[in-house]
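Multiple structures follow.
The following pair of complexes shares a single chain, chain A, combined with chain B in the former and chain C in the latter.
The block that comes next holds the complex of A and B.
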């Protein structure tokens, strides 16, 4: 295992779930819940003849950033595509709800220092959504996460951290959309329907799932940043993600609320404006939309480094 | 197919008429707000009466086609549909915002949807926000005190069921005799994706509620509160559940409702016990170190 300092300078994309969890919080502050030592595995996988992991493919725990407790959920894409089942779904929901419990305790014990100690939830998504081997339990867990998010509204910020190989798809695609703040590296992808399914539905002429550039233009971080579905686009270093979390931890909740995409009638109306634009324009490619938002040479944007991209990119104006 | 002559699949609009007081449905009206009838045709929203109570109704229209977003047909929830449904929920909250808890109008979801819009335009605009936005609206309405009952009359499939159904206080489903389908994926697709033998999966699916398709398995997991034996009973059972839910909210027992309540029910019914054990253990492990983090 790499040291914290090594992790801070390491690629987020290449890191496994536990490395991401450790590196997202301050040095030596992470305590894992239901760690592999507990061997709390899925009881459903062996029945179907599939292998288990001792952490059920999701690392959960708590760390600190400054005095802020940070409740971390980190998914491992190498284990059944990071999919959510009964046990890791339960770990995820429990960890998010603990942030609210901590918030109440801190409010009571540190009423004058609450802002500096306000908890944060950070979810490192690497998942295709529901784990098919235990699909029904996984589906129900998704609903519990959305319910817990609504409980956290205005009290504890929830941050999506997306930049791993599998991306964030299926039900977890809308779970990420429902968080307060989304942080991505260039390799990050968020969507609902995966590229293969779109190709299957629409035909290869309309959407070629093997065209990696097209897939990235449709669900990748640069597109998400342009349409304001990603709040922070960072370099592919775990330390850069940590720094954004540290910044968000200190932002007042009413400012956090303004970073959201969905969760109120006003935000729904703003999104309906985007849907109208897409319905009227019928874009063949996300680049049509990039051009509409003022990027004269959209084709050059995917080629730019993150730093160059951030310098020149024009984004959708928020209502 | 003989036994499915009486299926309710594709009959969302008929279900509205069967459930509401006769002739009471006003489509595209919620409170003082009117909806554009051309927008999001795959979903039906409006206001009606049940036993004289004003209720908001949200359903799918399996016979509508959305010309702007051609993946929307057969009850699919597309970009416009999700936002239209979310708007109906927010307008419901707004209409009753000054009323006491007991007078918050119920929301009845009539569920018959095969999925969320699976297209390129949908991904470019972000279909995840449409379906997620509707879920957050329902969660907010539920927590504001509106009793929300989902009535599954046909297809309740995966992400579309998460969007339109799984944020309700109580979920009811028509018995499987009527062709009602609740699942993430048919067993043939699960077999293809997980590369597991279909015969073995079929054998296991007879006894394992966590992956098998069907209303009865969702009941065991706590995902369905009550199975409704026949369509003629839907109206009375929904009214009964509206009253039960309203009573629990009045007593401050909202924890027994919605997704968290279904977790408790799934544990009691023995279909989902590992989740509860994992949650308990996570809580214990945090309690052991909480001091270090709360008093950092």
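The block that comes next holds the complex of A and C.
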């Protein structure tokens, strides 16, 4: 395993779930919940003759950023595409609920210093959604995660961290959208139905999944950043993600609330406005929208480095 | 259909074990595996448990792990492997990596 300093300068995209979990919090502060030695494997996979993993494909734990306890959930895309089943789903839910408990305990023990110690939940998504081998349990986990988000609303910020190979798709695309803050690198992708599935169901004319440029223009971080589905776009370094988490940990909850995409009548109306815009415009490509939001040369945006992109990009105005 | 569970025990003259109580490496990805080493007093021996979806390669597993034990002279550990169709050379490489990780001094 790389040292924390090496991890901070390493690619987030190339890192495995445990490296991401360690690197997202301060040096040497990470404690893992149900680590490989606890051997909490899926009880369903062996029955179906499918390989298991000691952490069931998700690393959970807690670390610190400054004085903020940061509860981390980090998914491993190489294990069954990061899909969510009973055990890893349960780990995810329990970790979020623990953050809420920690918030209550800290408020009681450190009433004067609460703002500097307020917990945060960081979820590093790398998943296609429900694990089909144990789909009922997986779906239930999705629902319980959503419930846990609601319980945390206004108390503990939930931050999505997306920038791994598999992206964040299926039911977990909904889950990421329901979080308070979304941080991505350029390689990050969020969506519901994955590109291959759209092509399979609707044909190549509808969506050509082999056209990577098209895939990234539609589901990738630059597009998400322009339409305000993504709050922070960072360079592909674990340390850069860590720095954004440190920034978010200090933002007051009423400001965090403004970064959300769903969860109030006003926000639903804002989303409906976007749907109406797309209906009226009938864009042929994401670039039509980019142009609509003020980018004169949309075709040049995918070619720019993250730093250059951030300098010139025009984003949709939040309502 | 169900997963195969293979268990082996190897005699080892060596008593060189790992530094940490336990150590873990790898991901059960397609064509890959994860390895869990645990320090155990086995009178110098090495125990191995392999969980794999592949049938009919028991002898290959035994040979590969035996080679690892003989080449490295490791003893007094239990090895647990979750495999997903890794080839023998990948198995050997991951075992060597896992041992390097388990015996490494804490970085920094």
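Heads up, the rule we're going with is that the second predicted complex is superposed on the first by the 319 of 319 C-alpha atoms of A that agree within 3 Å, B and C clash if a C-alpha of one lies under 4 Å from a C-alpha of the other, contacts with A are read in each partner's own complex, and residues count from 1 in each chain.
Criterion: a residue touches a chain if its C-beta (ideal position, glycine included) is under 8 Å from a C-beta of that chain, and two chains touch if they have at least 3 such contacts.
Here the structure is a predicted model, which is why all the values come from computation and not from measurement.
Participant: Look at where chain B and chain C land on chain A after superposing the complexes, then choose clash or fit.
Facilitator: fit
Participant: Touching A:36 in the superposition: chain B (first), chain C (second), both, neither?
Facilitator: Only chain C is touched by A:36; chain B is not.
Participant: Does the superposition put A:1 against chain B (first), chain C (second), both, or neither?
Facilitator: The answer is second: A:1 touches chain C but not chain B.
Participant: Regarding the shared-chain residue A:48, is it in contact with chain B (first), chain C (second), both, or neither?
Facilitator: both
Participant: Return first, second, both or neither, reflecting whether A:152 touches chain B, chain C, both chains, or no partner chain.
Facilitator: After superposition on chain A, A:152 lies in contact with neither partner.
Participant: On the A-aligned overlay, A:24 touches which partner chain: chain B = first, chain C = second, or both, or neither?
Facilitator: neither
Participant: On the A-aligned overlay, A:73 touches which partner chain: chain B = first, chain C = second, or both, or neither?
Facilitator: neither
Participant: Is it chain B or chain C that touches the larger share of residues in chain A?
Facilitator: Answer, by number of touched residues of chain A: B.
Participant: For the superposed model, what is the least distance in angstrom between any CA atom of chain B and any CA atom of chain C?
Facilitator: Nearest C-alpha atoms of the two chains are 7 Å apart.
Participant: Just to be sure I follow: which residues of chain A are touched by chain B in one complex and then by chain C in the other one?
Facilitator: On chain A, the residues that contact chain B in one structure and chain C in the other are 47-50.
Participant: What part of chain B is in contact with chain A in the complex they form?
Facilitator: Going through chain B, the ones touching chain A are 68-69, 71, 79-80, 83, 86-87, 90-91, 94, 116, 118-133, 135-137, 139-140, 143, 158-159, 161-163, 166-167, 183-185, 190, 193-194, 196, 200-201, 204, 208-212, 217-218, 221-223, 258-260, 262-263, 266, 272, 274-279, 281-283, 285-286, 289-290, 292-296.
Participant: Which residues of chain C touch chain A once you look at their complex with the stated criterion?
Facilitator: Spelled out, the residues of chain C in touch with chain A are 1-3, 22, 24, 27-30, 32, 34, 36, 38, 51-53, 80, 82-85, 101, 107-108.
Participant: Quick check: in the complex, which residue numbers of chain A touch chain C?
Facilitator: 1-6, 16-17, 35-37, 39, 41, 45-54, 76, 78-79
Participant: Can you tell me which positions in chain A touch chain B when the two form their complex?
Facilitator: 31, 33-34, 38, 40, 42-44, 47-50, 60, 62, 64, 66-69, 85-87, 89-91, 93-95, 98, 101-102, 105-106, 109-110, 117, 129-130, 132-144, 146-147, 149-151, 170-171, 173-178, 190-193, 197-198, 201-202, 206-207, 218-219, 223, 227, 229, 261-265, 267-269, 271-272, 274-275, 278-279, 282-283, 286, 289
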